[in-house]
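Everything below concerns the one structure shown next.
Naming follows writing order (A, B, C and D), and every chain is counted from residue 1.
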């Protein structure tokens, strides 16, 4: 039980009439890659928003390292070590890339406005150190030499990577990636998957992934949960999920299961 | 290019430095003896009288009107020993910041010898210290704030009818002549209106009357029925209003529909004027006002009104009640300047300190809006007020007893 | 009275801000403080208001029913004008998300349009004897003409305002159109001053709308006058509000407006002509402002180049109070503000000089509890 | 559909005609006339201007129209362009002729429209007709436009005036290029430039106040105070992106603190300048805090209207009977004692230096904050509050902090101005004052210091320079504001983020300074190169 870094217990979120997320249980082991898949409008992003504190669920509870998140502000949650990226990229577009990463580091720095005005040693050392670390993160995600370019003037793929760099800046224990490879070409997708793996392997960051590209999902996930119309219809390792008829129906519609069996036999 | 710029820059610096120590011409004794020196005019130059007034913004009508009155005064003033007069009216927007700006502009112009202004007390208060330093006399047509004459300024004088003269007289008149027992006071929240209302209420209470209500309105609005209704509920015999024509007329109108039909409307010299009549019509009948001691229609005034109408296409007093005061302040200054100016070697000299004292010593000057004799503190429009009432659509002297 | 708690919180929070960093627990406290301060402040002021109400209405009750009626009448009339202008703000805001600062001046121009019509018709003789001029022989036609002209002038002003001062700035950052609007407002005011002189103008009404006269009701032995002009302007504003509402809800234009308000790109893709829709919105709001202007002139009787400024600000306040971008909200806000301004000071026993303070305090209180106005859409869920 | 070039030039003419009519009705032509008259020393007034002056004005406008329409038809042949300018001239001339025709009619029927159109005095209308009888005046008006427009066309065609267009373009980009030029060149060159620049600046600052007399000291001093306020508001609006419309309230609080502590009436406390200055800043900041605390949830225009309300509340209260005994009511506070130097009160020059110091201080603080963790947090909030929050920024705290610091700046400016004017009254605390400061930072270019400087000069200096045109100055100001926004929406000097110098090859992790960074060691070398 203690191995789970995040536990969603019967999380339910209702908008007006419709139940976006319905009694969903999700248990994510430490330093694993956990994917949440499902057709559009299945409530994946809503679940993310419940975890990162944008929404407070009507019923149920989200525990992070055993601590309930209810009533915590998003910034408090972020500084506990949960950081995320967004489906539609949301960078601080008029800031430079390095500044975006520095904002990511914000809650780890101790310098205040007083330090800044008086130009204290703490200010100088922290600025220096944080910039250095920021640059390393930029290099890590493959944006070396782009530190001073405004975020908005970067190509799409680079912006996705920058968003991850910003998230890493806040030194997360848990990283929520919302469709990180959306709209990327195969090459970029490969790099992205490699990147995600390294995050887990080198830094032991737990990663929850919303992804439509099944190759990516099946390739890197340790666990997969499948949502459909707000309900969790399946949960398990990639193998189990691939075999699960309900999942296949959810994706291919009724009768899809048989079809899939046939397809797999032919292989 | 860059080099050229540098050269220019260095030269300009040098120019600045030399400007400091320009050679001085030999001056007549009257100027060397004068503490603030002389204003010197070579032939062809004009002797300028400054005026700081709100020319833009919500109170522009006052500034424009008063400066127009002064323009006519300058035209009538003719010339001083062959030198022409000119009026330099600047926009101070009636506020301290603008007042100081204009004052600083005037003191930096050697041709300005006196200032007919400023118009609003706020601007004036900020301007006085600056003129004090430069030794330029002021004669304000309309800054009525009592404090202005208590700061011991040498340069500030006003022909505006002082609240301290007007208020108590009005209160006594209300109590003794009109037999008012319960008085309600209303003012427009300007230092002029509020100042008057406060003085009146004090005096009225001292006389033995009871002040049933004291309220303030927001100037610039046009619907005061709410506040009037609440005043009406105190059922006063009379309503004293400290403020200007615009609001005064509205109140006189709306009194009739808010349960104050029987109460007397009693205004001040700010509500007095032709415009009050046109705006109130029948509602204005029986309204009182206290004004400076001057016959409502002197021939000089008629001449002025004609000239004003001809030049500016409006009835004098239709923009503000201070048209005539504007004329007077400029005209009085011009006459004083004539008295101290002297010619020497083809140049006109005006000793500044002498001018200041001359303005302060103004005696029995008969103007359109009153007869002015400056006290030692700079109050030039003293003497007990006169009371007028609207009878059949015209201001006529009210009966004294 | 409500200083001490605020102060102490202030001290804590100042320390919090000054201290190098807010450690977790303290940060939590800080957030709790923030959560606490809102109801605290609101509660205290609210209690104060209730206390004053109690004192005035139950203990002192200085005013008889007649006075209350008078105050209420004044409030309703004022509210009518406010809501009419507020609608203009809200229409434009709803579609462009910009504060049309010059709206008050559009109203002022409308007022001038009506003024000149009345002057002309007053001078126009239609009979032998001196009294019989068009204005009083055909008062109804005169009034209609005045409104048509006033609304047209204002609508045109609105149209050109948008075309010249706002349209080039569609893509610009949010504050830029605001500044442009401020510039336009200054320009319009001064243009009118220079054209027509700063003189205050007396509105010459036809006799049937003579200012000050009206129906008389006798309430405890004093006659309360319900002025014709007031009733007229109130009813007219009510009618216009209904018309606008139906236009926005029912007509094609209304649908187009709502579509553009939601999402310009998509609307354009769906074949809505965004530019013309926005222009029409400005024409509509301008026309309303014009009507408000003429009403203002007829009821209040005095107009000058600065007339639009104060009502403009008030109407904007009303629009926000009701939830800007929301039509019923603007109407509600306008009425509410009008009544607060006229009845409020009496009901709370405050100087009438402070009526605007009261209005703004209530605005602030409302926004503290409903951050998006009385009827505005809720921002409780973080926008994502 | 595309309009024909003739139609286009006709419309141009109509527009110029309308502008002309407007100018005549507000007697702007007469004003230009009297300005010219001043130069050539002819007596002339708004009500009866010199005919020559009016003709001069008409010629200028006509030339402009002709040039404009000829320039508009860049791609056409010379003949057609001349024709275009002719058409423009005729259409604008037509409108002018109609106008004066009406004047002529009024003169004949002896109608005096002055009650309504205040400038149309009979002599003025005469002058507009060039005091020619009957149709002559009307025709004269028509042909002034026609001919001068044609001449304008000739000018364009003759020795081509495309210059104009390009000049305008250059003017538009001048600041950008200038900055770019400064930024260009080798580091050493830049350094030298920098030093030269600062040296010159220092010399200027040291010398000018002594040299340019009390008036300019005052004007520039006011500009300085507005720079301080501009920077303060920039922290709130420009950096943290909260639209605040009642900013002047904080100025008022600062000013009244100074006034009430250092004036004989109403309290006669006489604390002296410096302690009052400190308290003024603190109180303004506190006000910002108390205002901000309950309003952190509000966004955009809701915050705007609430702060606007706050400003009005402060102004009305200061003016009210309620507080008269405390704050002097509508009379304000007079005779405020300023600081003394060597036992004598500050002169305008001393104040100038004081303001320069204050401005320098404000700039320093602003600059430090802008490039710190705090500044970045503010910018993040401005860019996307939700994401900033989710990235770990305590948005409430930082929005509040911005409000507090910004208010402090205003308090400083207020205190100094109260002492400098020796007077403070509720009249100065109007809504327009707040709006002025907002315009200042947006015109200048939001969120950067040079922009704020430029904006302050534009908004406080320009009206002073425009004094010559008296009543027309606010009109011109409004028009300029609109034009400004359309031509340069991002402000005179657009902001741009600083270029931090970043370590080339990354040295071993110094993460010891970063709390709990030990857990996570970013890779020293990265896989992608």
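One rule holds in what follows: a contact is a pair of C-beta atoms (placed from the backbone, for glycine too) under 8 Å apart; a residue touches a chain by one contact, two chains touch by 3 or more.
What you are looking at is a predicted structure, and each value in this text was computed from that prediction instead of being measured.
A.B. asks: Central chain, going by Cα centroids?
C.D. replies: D
A.B. asks: Comparing A-D against B-C, which pair counts more contacting C-beta pairs?
C.D. replies: A-D
A.B. asks: Taking each chain's centre as the mean of its CA atoms, how far is chain B from chain C in angstrom?
C.D. replies: Result: the chain centres lie 36 Å from each other.
A.B. asks: Measuring from the mean C-alpha position of chain A to the mean C-alpha position of chain D, what distance in angstrom results?
C.D. replies: Taking the mean C-alpha position of each chain, the two centres sit 46 Å apart.
A.B. asks: Averaging over Cα atoms per chain, report the distance between chain C and chain D in Å.
C.D. replies: Spacing between the chain centres: roughly 28 Å.
A.B. asks: Rounded to the nearest whole Å, what is the centre-to-centre distance of chain A and chain B, using the mean of the C-alpha atoms as each centre?
C.D. replies: 73
A.B. asks: Check each residue of chain B and list the ones that touch at least two other chains.
C.D. replies: 56-57, 60, 64, 189, 216, 314
A.B. asks: Show the residues in chain D shared as contacts by 2 or more other chains, in ascending order.
C.D. replies: Expected reply: 118, 319-321, 386, 389, 394, 401, 471, 474.
A.B. asks: Do you know which chain A residues sit against two or more other chains?
C.D. replies: As it turns out, chain A has residues touching two or more other chains at 54, 73-74, 79, 110-112, 115.
A.B. asks: Which residues of chain D touch chain A in their complex?
C.D. replies: That would be residues 364-365, 368-369, 371-377, 379-380, 383-384, 386-395, 401, 405, 497, 499-500, 502-503, 506-507, 509-511, 513-517, 519-520, 522-524, 526-529 of chain D.
A.B. asks: In the complex of these two chains, what residues of chain B are touching chain C?
C.D. replies: 56-58, 60-61, 64, 189, 215-218, 220-223, 225-227, 229-230, 232-233, 246, 249-250, 253-254, 256-259, 278-279, 283, 314, 318-319
A.B. asks: For the complex, which residues does chain B have touching chain D?
C.D. replies: 9, 13, 16-17, 19-20, 55-57, 60, 64, 89-91, 94-97, 100-101, 104-105, 107-108, 120-122, 125-126, 129-130, 134, 145, 147, 151, 189-191, 194-195, 214, 216, 311-314
A.B. asks: Considering only the defined contacts, which chain D positions touch chain C in the complex?
C.D. replies: 22, 25-28, 116-119, 237, 243, 286, 289-290, 293-302, 304-306, 308-310, 312-313, 316-317, 319-322, 386, 389, 394, 396-397, 400-401, 404, 431, 435, 438-439, 442-443, 446, 471-472, 474-475, 477-482, 484-486, 489-490
A.B. asks: Which residues of chain C touch chain D once you look at their complex with the stated criterion?
C.D. replies: 6, 9-10, 13-14, 16-17, 22, 27, 30-31, 34, 37-38, 41-42, 93, 99, 116, 119, 164-165, 168-169, 172-177, 179-180, 182-191, 193-197, 199, 313, 316-317, 320, 324, 351, 353-354, 356-357, 359-361, 363-364, 367-368, 371-373, 379, 382-384
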